[in-house]
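Below are two complexes that have chain A in common, paired first with chain B and then with chain C.
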Partner chain A sequence: MEDAIQPYYSRKMDNWSIINSVEINNGKVFANGRLVHDTENDFTLASKELYKKYSKAYIKFFKMDALSKLGFLTAEILLKDFNLENIDMNEIALVVGNSNATKDTDLKYLQTMREQPSPAVFVYTLPNILVGEICIRHGFKGQNVFYISGKFDEEELYENIELLINNSTTDYVIGGWVDFINPNDYKSILYLIGKDSKSSKFAINNLKRLNNIK
Partner chain B sequence: MDSLIRQLKEQIIDHLNLEGLSPDDINEKEPLFGEGLGLDSIDALELTLLLERGYGIKLENPQEGKKIFQSVETMAEYIQHNKK
Partner chain C sequence: MSKRVDIVSDHLISALGSGSEENFNKLLNNRTGITMHNNGKYSDNMLPLGSINDEWLSQWAYNNELPEGFTRFEKLSILSISEALKDTSIDISSEDTLLVLSTTKGNVDLIEYPEMHNKLDLWYSAHQIAGYFKAKNRPRLISNACISGVVALMYAQWQLKEGRYKHAVVVGADTLSKFVVSGFESFMSLSSEICKPFDKNRDGLTIGEAAATMVLSTQEKGKVSIVKGATANDANHISGPSRTGEGLFQAIKHTLDNEDIQIDFISAHGTATPYNDDMESIAITRSGLNNVPVNGFKGYVGHTLGAAGIVEVIYSLWSMYHNKIIKTFGYNEFGVVEKVNIIDRNITKELNNVLKTASGFGGCNSALLLKKNG
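Moving on to the complex of A and B:
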């Protein structure tokens, strides 16, 4: 077809940067590629350690499933030194994916179905809930998407974020990967993308350089 | 009544996955919803199930829940009068 659909709003990617990145990888926490926390504990205990160290009182944290806790904590560390004042909350978007959706919680819900199905567990059987938890915590009202993919792929993430930036008025994107298999096998990385001349350029090679997820 | 309140606090922590809290962190007079523990509509369903399974009390009229679930204390009073 000759008349390809053009984005209604198109922006150059040259000015976009990776302002911050945080990775939580089986007990190790990296901020902008640098190790900042390391624990031998499994996620049940490690999540409490990280909550005490990096988060402020937020009772809802304890009600979340493990996947949402992982995403929530990654975002807490990502944004802890980032000033959200004077930022339009309608223009902060999230693009997050994983490969196991909510399998861990699905199995827990299956257990409750044998006796009494639990509404509190059921609400976490959709992976986009973790995006919602981050939005509620910080008051973000921008676009968001959660995608399921075979494995973490920086090129795919870049394309998804580029598509969003080119088709919206978004000022900032929190993008990445949050995957929870079990308390001893979990990985997440979130990047804060925006216009910041002091930071690394938003580019596939820089997304790759800043993570250890293979 | 005190032991029922204590038991109820433990059950609420367990059923609502409030694993970071201990019974002493919950004031039995504080509102369960909105302020206080900040529970939501899903938690209200869990509390309804708790009454049903833990105490044999089935809420016939959902509107009753508003009064019953005001606080741990109001829940305990309702259970004491209606337990089967």
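Moving on to the complex of A and C:
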């Protein structure tokens, strides 16, 4: 296999690091692998708790479906201490995946479809809407890739981020997994990837180390 | 180090028929595949839709002894992949070949049947399709609203140009369903007539269905290659296009990469909603491409969602093979905010560099550059 490992795509990754990571895992919130919030409440209540604790007045939050709320909150915590000044918004990309697409919202839309189809629910039946919500919130105008996979796999995420970095002028990538099955079964993890020599290297083992999703 | 990614084969099944040549002949004759539907299957209202004739599918399944157990969405994808691979030596079950799927809603037509809910996961369909072809590598699946097809092609090009795989089979598919049709109806975004991209009187889109496949390779040669693609977000609204065309402008800018390249034709998204087409005219003008011939293909087969990017790249590809720009079906009178060059009759032109664009819900935009090989 002449093409098994090509220096072309490993070379550029040397300078890239995981600046921050946040995971929300069925009521537990981890920042850079450390538990920072724990609740017994289901997502309906937990999302309100997290919004109060970590977000500012942002009325659009309450219009979002559960999947977008989960992605939005994860990004709020991920970026809360990150200074976005002097950053080119056109070069902040999002690479996000999940397994259940928008199944929870699809079933909610099905109910409205049988009575009065709701455009406000229908618009959330695309998984990349959560990426759009994060972009609107923070003004990110970079590249977007939303992928679907059977389960969260750090190697797949790494590959997708690496491909994007190699093939664009992106400065920062917010990459990860946002998956919502029901208010008692949901998981998300987002990593902020950029060129920052003080942070741990952008590598599969570091993505794994920071993650409790099993 | 990076390798040239050629398009070596393609196939699509749409309202215009099965096969790229069959489709393109109808485009050349400016025949639409969109028909009026009033049987209540997808809507209580009479609606134009770009539907696939199920007889073509059953005949193919019978002739090819397709086993039971696949959904309509999966069968259409399998049909398209099989036909696209027919005249190539590319082995989809080889470790050199990657399968990339693009869809927005997969088997969503089954959501009304609770006993079918185990089939709703998009990755379930990906595994069904990959399993049928005994694909060795894990299939990759892109679901990025209406830019999914363009993103899947861009993603496959990334994989190949770095030499991670030698070949990629990229399939985009979405089927008609009450779920999707009622959703767009609730948005008041469907036209009661066949959609009229870029027209003064355009009043909404027409939904269609399709399965479309492109086979890419760095080893086999094709007449056209994929040079580059890019995406960008408007960061403006989840369902409304940007008023400044910023995201699409950025996607085009990143795709053309400041290279001094003459674009001969733009295959636009052209959904025929008032805001989308205006936004595209703004982005194209801001990109300095306002004199370049632009068309929209959605008057022929409708908006095929996750398939649309691949369907329209195949139509663009055949336009390049024949040096013909196809008329924008449904377009009569100029009616977008910026003066772009909408093609209202078939024209003959040497097509060397072609730009495909697409935009979608979630504020996403994309562009892809195709180049004829000398």
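Just so we're on the same page, the second predicted complex is superposed on the first by the 203 of 214 C-alpha atoms of A that agree within 3 Å, B and C clash if a C-alpha of one lies under 4 Å from a C-alpha of the other, contacts with A are read in each partner's own complex, and residues count from 1 in each chain.
Here is the rule we go by: contacts are C-beta pairs under 8 Å (C-beta built on N, C-alpha and C of every residue); 3 or more make two chains touch, one makes a residue touch a chain.
Everything quoted here is computed from the prediction, not taken from an experiment.
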Three-chain arrangement built on chain A, chain B and chain C clash or fit: fit
First (chain B), second (chain C), both or neither touched by A:L84: neither
Greater chain A contact set [chain C / chain B]: C
Touched partner set for A:F61, first chain B, second chain C, both or neither: first
First (chain B), second (chain C), both or neither touched by A:G150: second
First (chain B), second (chain C), both or neither touched by A:V123: both
Which superposed partner A:K48 touches (first chain B, second chain C, both, neither): first
Which of chain B and chain C A:V36 touches, first, second, both or neither: neither
Chain A as apex of chain B and chain C, Cα-centre angle in degrees (nearest 10): 80
Smallest separation in angstrom, by C-alpha atoms, between chain B and chain C in the superposition: 6
Overlapping contact positions on chain A, where the chain C interface meets the chain B interface: 118-119, 123
Partner chain A, residues of chain C touching it in the complex: 1-2, 104-105, 108, 111-112, 120-123, 126-127, 138, 140-145, 151, 155, 158-159, 161-166, 178-179, 182-188, 228, 230-239, 246-247, 250, 254, 360-364
Chain A contact footprint on chain B (complex, rising order): 15-21, 37-38, 42-43, 45-46, 49, 53
Residues of chain A touching chain B in the complex: 48, 51, 59-63, 116, 118-121, 123
Chain C contact footprint on chain A (complex, rising order): 2-3, 6-9, 89-90, 94, 99-101, 103, 106-107, 109-110, 113, 117-119, 122-123, 125-129, 131-133, 135-136, 138-150, 156, 163-164, 166-169
